[in-house]
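Got some structures for you, see below.
Same chain, two partners: chain A is paired with chain B first, then with chain C.
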Partner chain A sequence: MASLATTFGRGAMTNHWVDIKNADVVVIMGGNAAEAHPCGFKWVTEAKAHNNATLIVVDPRFTRSAAVADYYAPIRSGSDIAFLGGLINYLLSNDKIQHEYVKRFTDATFLVNDGYRFEGGLFSGYDPATHAYDKASWAYQKGPDGFVVTDDTLQHPRCVFNLLKQHYSRYTAEMVARVTGTPREQFLKVCELIAATSAPDKTTTFMYALGWTQHSVGTQMIRTTAMVQLLLGNIGMAGGGINALRGHSNIQGLTDLGLLSNMLPGYLTLAGDKEQDFKTFLDKRAFKPLRPGQMSYWQNYPAFHVSLMKSWYGDAATRDNNWCYDWLPKLDKVYDVLQVFELMHQGKLNGYVAQGFNPLAAFPDKAKISRALANLKFLVVIDPLATETSEFWKNFGEFNEVNPAAIKTEVFRLPSGCFAEEDGSLVNSSRLLQWHYKGEDPPGEAKGDAEIIAGLFLKLRELYRTEGGAFPDPIRNLTWPYRIPASPSAEELAREFNGKALDNVTDPKDPTKVLAKAGEQLAGFAQLRDDGSTACGCWIFSGAWTQVGNMMARRDNSDPSGLGNTPNWAFAWPANRRIIYNRASCDAAGKPWDPRRTVIAWNAKATQWQGMDVPDMRPDAAPEQNVGPFIMNPEGVARLFGVDKLADGPFPEHYEPFETPLGTNPLHPAVVSNPAARLFKDDREALGSAKEFPYIATTYRLTEHFHFWTKHARLNAILQPEQFVEIGEELAKEKGIRSGDQVTVSSKRGHIKAVAVVTKRLKALVVDGKLLHTVGIPIHWGFKGVAKNGYLANTLTPFVGDATTQTPEFKTFLVTIEKA
Partner chain B sequence: MALQSLDIKRRSATTTPSAGIRSTPELAKLIDVSKCIGCKACQAACMEWNDLRDDIGTTAGTYDNPRDLTEHSWTVMRFAEVEPEPGRLEWLIRKDGCMHCADPGCLKACPAPGAVVQYHNGIVDFHEEHCIGCGYCVTGCPFNIPRLSRADAKVYKCTLCADRVAVGLEPACVKTCPTGAIMFGTKTDMLKQAAGRITDLKRRGFAKAGVYDPKGVGGTHVIYLLQHADRPELYSDLPDNPSISPMVSLWKGAVKPLTSLAFGMIAVGAFFHYLVKGPNRVPEEREQEVDQ
Partner chain C sequence: MQVTRRQFFKFCAGGVGGSSAALLGLSTGEALAEEVRAFKLTRTTEVRNTCPYCSVGCGIIMSSLGDRAKNVTTTIIHIEGDADHPVNRGTLCPKGASLLDFIHSPNRLHYPEYRAPGSSEWKRISWDEALGRIARLMKQDRDANFVARTPDGLTVNRWLTTGFLAASAASNETGYLTNKMLRSLGAVALDNQARV
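== the complex of A and B ==
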């Protein structure tokens, strides 16, 4: 999500599931949609059947997606930036870009600070002591008027376009083949198929998932694709875009609501501990336009933030106390999951609540997670299932060899309902909030999650009220306006996220006109104010439950355009837009690049943007005003140059996985792996080398199962009962392993045993002159449930995270394999 | 089983003519292998609709699970990794199960009256209450589909969800298939649909794409769309030219009329014998002997 926000302004899938049917070329890379998203994958089959689309799959394995692809190319796991960087080079060298789009809708013409450099694998500003960059030089040049200096001729050597060309000129087809193992001809064939959609009326759509996010360079992998799509002019177009396929039904909702340690709802952010001053905090986030006339929608940040605080603290939040700014935590560092378990491992964090979460199975290096959990005083597990985490202290023989007598952690298991046992909304990959109704009561003593959290909160508040404590105010003053305080309903929570008027909200252009009366639900985030007259729990969800009612429960699937837009089906954030950045589907004059797939167009008579979708643009902004289509970016355009948004560089660069099978980086041998990635000291020592562990391993999911849940369900267990690992025929022959044999797979951190599946679908690749084998490791087994007990696959994985998001590198590490 | 007697076209081991007044279109399930991703949703739907639960098995080194059809698993996905041309890997995934032949070997082979029936719409169904567990249908099937249960000595196989179809619903596997690889309708419509898909596949480089609707069994009501229709054996040994075992054909074909004729001749002979010779009478002296 960080990569898409850096490039386009919002961290979300740009198009939506149904829209995939409009694509000319579908690329599945960094994911395996047929396997992990079989229902959504139907839109790929629709594109093939009704839009004559070509499906390309690039993956280390010949996957279920590859089984129905028109073209498959193998790639070494972890080398995608080299492949995509090569694609950028191909597009630029063969002049296969959408010129008008690139010039008008990206920062290609922007000049970059003279201090910015990329040399020998490092960007300017690197500090080897802290493994971090000083990003000051990663910036645009600004003129005396405060706006960025541009060169519309694209001739200036410091313009983004030329820096981009220069950066990726190293990614030749030969270099790509050498780094990725993809045979040169196959790489070029993929380039050729994708490049054909640089025509203004052709589109490629990319579908990716954890195959890109779970790398130490994951964010940058996705960003490379975002840049490719900009060069091809495919963002904002029906049948284009970058489709980030979310792995849980509501994981988009998780990020939307800011359930990350450094986030607030709606992608608002928490302050750092240096940001004690409220005004500075807001100014830093309310981006002023970097080019004349741009919307720079984050200028409304104060309205979103103040409305959030009014929602949380009601009358206690006043202008005089900076809307309770002092009650918000200020971060000294990011407390992501790796950091939290590192602190737990060090004994510095001693209580943990795992809600709908199975960290023993889901986090890297199971042994470390297990040791960390054993350091806790208490562990609360809120889950519908008896998870491995909740029984980490119990000995399950070879699958969990611990000594319960030595573990003092007190574990509380609070059984919760599952999604079908409560009302509420789920946000899917398409940013669609769909309301659903409870099918059953939770069994036995289980309670809904809201009820459990409410119970904990009310008890805590009582303690703070009676006993005081170090900092009671934020808890004591939290608004809790629910009819049954011990059990807030989904409807109440949804209305709160949408927001309401606390005072009459009037039209800024005509103060006599009341847009929303005090007490009414707001129609959308345009009505939010920074003066305390509105309350809103999550600004991007505003519009989901208006005065009219629950927009998420709408079920009108009429599709007037025939493009699958269904504007009256549920509610999509932001503002019910289905294809975001849709202004970019039209040329400078406001005419659609492809009239067959008109999303919106400028209607000169009505002086309005109109179409099948809600315009992602000020509705009356005439094309000649040159308001850019990427309204969240202060530039107004999308960023090919990522400025200082990511921790590891403004342009994506190929770095080797932390456990590299090559031991070098053919692009720059001195800098092998991501210099800014997250790696704690002890974990660096737990990394293996190719000498000891010569095979690339990658973890993944299977259609028959969902993470670590469905091994508890008999149907799924019947369909895929027992843990296995996959190896290619060459490696099997070398090791004397036959299909069905028991094998042991070991990494520096531990070992697992499983049945071997010997397959033609995993081929050895020649990388940098070496023949490299891959071992495939499906993740779904463990020691709880009805499927055959097995090892947690994360026994093997390394504790290293992406530089920006700290997502662990589950997709590439080193192992060895032997017949058990 | 939910279908009524009016729907029955043929019953096993029955000479009584079936009802013939109802006109029912011939139905078919089209399995488009080129669209199948092997997700096994059809297997799950089959188990759920029919309330079947197989054992939780083991992994034998392939994705196939359960490994084979059983009395609880009426359909399974069979995964085949093949290289029809050197270097061009294909993962051909075929949903295996009853083909609902127009000329069903199981029905022909079955000696139990009404244990196997064929409906006018083409569905071939087992009526287990009449099944005697002889297993002849297993021998009779050219596709190796029926499975004899050890628990109750009855045979089981896919019913094409006859109970759903009878009330206007599609089979459960069709309903659940996420990619539209399994379709259901009149056989005419399914062949038309397949023709469109064949054009598309040919354009995508599968010159021999075609329908699998084998004539040896009179055509089937489950038809496959194959990328390589000229080589069905690539699809986990789908038979090239299936036909009913000669033993069954012999038993029900040539031999059965002969034996029936023989039985008939004996009856006729006996009758004429009666006419000519009259009833068999025991001589009185013999009766007396017995009495003593």
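== the complex of A and C ==
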């Protein structure tokens, strides 16, 4: 998501599931939608059947998505940037780009700081001691007026377009084939099919999932695609976009709500230690436009932030105390899960609470996670199911060999309700907030999650009220306006994150006009104010529960445009837009690039943007005002050059997985793997080499299972009862393994045993002159459930994280395999 | 082809069970020829919900027995795809089609439990005892380790020594309340499944 936010301004899927049917070309890469998102995948088959679309699948395995593809190309796991960088090179050298779009809607014309360099695999500013970049040189050139200097002729050697060309000129078809193992002709065929959609009225849509995120270069893999889509002019278009297929039902929502170490709701951020001054904190986030006339919507940051603080601290948040600025924690660094478990492993954490989360199964290097949990004083697990994490201290023979007597952690297991036992909303991949209703009570004494959180908070608040303690003010003053304090209702909470007027909110253009009376629900985030007159718990969700009622529960599935937009079904953030950046679906004059797929268009008579979707643009911004379609970016346009947004470079570069089967990087042998990735000292020592562990391993899901839950469900356990691994026929022959044999798969960190499935779906590839085999490892088994007990697949995976998001590298590591 | 609602449900049910039935040598023709039973959903209450697994967000209809009277325990007996839903249009995948077995899994937890240091078993405890003890442990840790100021005098008000993982299958409402509560405590060692 960091990749999409860096490029377009928002970290979310750009289009939506049904819109996939409008595509001319669908590319599935870094995912396997047919198995992992089956009911969304139906819109791919719809595109094929009714829009004559071409489906391309690029994957190390011939997946079920590949089985219905028009064209399939194999690729070595972890080498996608080389492939996509090669695609960029192909588009640029064959002049297959949407010129008008690139010139007007991207930063191609922007000039870059003279200090920016890329040499020998490193960007300028690298410090080998800290494994981090000083990003000062990754910037645009600014003129005396404070705006970025541009060159509309695209001739200047320092303009983004020319730096882009130069950067990817190394990614020739030969180099791509050498690094990825994809045969040259197959790579070129994929390029040719995708390149055809550079025509303004043709679109490609990309669908990806965890096959891209879970790499030490995951963020940059996705960004490469985002750049491809900009060159093709496919963002904002119906049937275009980047469809980020999230893994969980509400991972988008939890991210939107800021449940990450450094975030607050609505992609607001916590302050760093150095940001002691409130005004400086706000100014740094309220981005001023980098080009004349741009919306730079984050300029409204103070209104979003102050409204959040009013929502949390009510009357205690005043202008005089900077709206309780000091009550929010400040960060010295980001405490992502790898960092937290590293600290836990070092014995620096005392307590841990896992709510609906199974870290022993879900995090890399199970042995390390297990040792870390054993260092805790207390562990609290809140879950509907008996998870492995809750019983990490129990001996399950070969699947969990621990000595309970030696583990001093106190463990609490609290039973929670599940989706069927509550009211509430989830945000699906395409930003759609859908309301659901309770069907039965939780079993036994189990309680809803909100009730558990409230119960714990009320106990804590009581202790701080009666005994005092460390900094009790925010705890004592946290607003808790719920009718039953021990059990806040979903409706109350949803109304709170939508926001309400605390005082009359008036129209800035006409102060006599009241937009929302004091006490009323707000209609949307445009009504938020920075003077304390509004409260809003998550600005991007504003509009979800207005004075009219619960917009998330709307069930009008009519589709007036025929393009599948269903604007009155539930509520999509932001502001009920279904295709974001939709201004980019029109040319400079406001005319759709493809009139058959009109999303919005400029109506000169009405002096309004109008169409089937909510315009992602100030509704009255006439085209001649040149307001760019990427309204969250201060540039007004999308970024081909990522400036300083990501930790590992403004342009994506291919780096090898940390456990590389090659031992070198053909592009720059001196810099093999991502120099800015997250890797702790002990974990570096737990990395294996290709000499000992010669085969590439990759983990994935099966269509019959969901993570580590469905092994608790009988029907799924019947469909896929027992742990297995997949290997290709060549490797099976080499190792004397037959289908059905028990095998041991080992990495530097541990081993698992499973049944071998020998398949034609996995083929050996020639990479950098070597024949490389891949071992496929489905993840769904463990030592709790109604399926046959098995090993946690993450026994094998390395504790290495992406440079920007710290997502672990589950998708590529090294193993060896033997008959058990 | 015209498909009635009834026929449609039969096809859907066949989708998951059919392949296994065929493996066992049963022909679906025989099953269809059986005597017609009373439609089991006639007396149920329908409730709309969303599949909690992947991010497609398929609409589902849950049918339950019980008339919602105070002294009646409602039980969900059937879950199917919501035909009105614009994305899944009534279909469900093998995961969604088995949701009933998740909500009624034998491994659902029914009451709070406690495992003492060094122990090899669970002990059932009350909610009050569990939440009281957890709150006490959290407060002890927070009071002992809360960082109000750094050594060089910067106000930071953070609590690092207890960590949290939030659930990405939990509702927005739960997620919002969780974040609100944790930040008031100064928690920063907080994450969800977004990173993994």
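Basically, the second predicted complex is superposed on the first by the 820 of 820 C-alpha atoms of A that agree within 3 Å, B and C clash if a C-alpha of one lies under 4 Å from a C-alpha of the other, contacts with A are read in each partner's own complex, and residues count from 1 in each chain.
Simple rule for what comes next: a contact is a pair of C-beta atoms (placed from the backbone, for glycine too) under 8 Å apart; a residue touches a chain by one contact, two chains touch by 3 or more.
As the structure is a prediction and not an experimental result, all values here were calculated from the model.
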Which superposed partner A:724 touches (first chain B, second chain C, both, neither): first
Touching partner for A:500 - first (chain B), second (chain C), both, neither: neither
Partner chain in contact with A:42 - chain B first, chain C second, else both or neither: both
Which of chain B and chain C A:62 touches, first, second, both or neither: first
Contacts of A:761 with chain B and chain C, given as first, second, both or neither: first
Chain B versus chain C as contact partner of A:330, first or second or both or neither: second
Larger contact residue set on chain A - chain B or chain C: C
Partner chain(s) touched by A:786 [first = chain B, second = chain C, both, neither]: both
Which of chain B and chain C A:738 touches, first, second, both or neither: first
Chain B versus chain C as contact partner of A:474, first or second or both or neither: second
Contacts on chain A seen with chain B and repeated with chain C across the two complexes: 38-39, 42, 703-704, 714-716, 718-719, 786
List of chain A residues in touch with chain B within their complex: 34-35, 38-39, 41-42, 45-46, 48-49, 62, 64-68, 70, 72, 703-704, 714-724, 738-741, 755-761, 786-788
Chain A partner contacts - residues on chain C that touch it in the complex: 16, 20, 47-59, 62, 64, 66, 73-76, 79, 81, 84-89, 91-99, 101-103, 105-120, 122, 127, 130-139, 141-143, 145-146, 148, 150, 154-181, 183-196
Residue numbers on chain B that touch chain A, as the complex places them: 34-41, 43-44, 47-48, 53-63, 65-66, 81, 83, 89-93, 178-181, 197, 200, 204
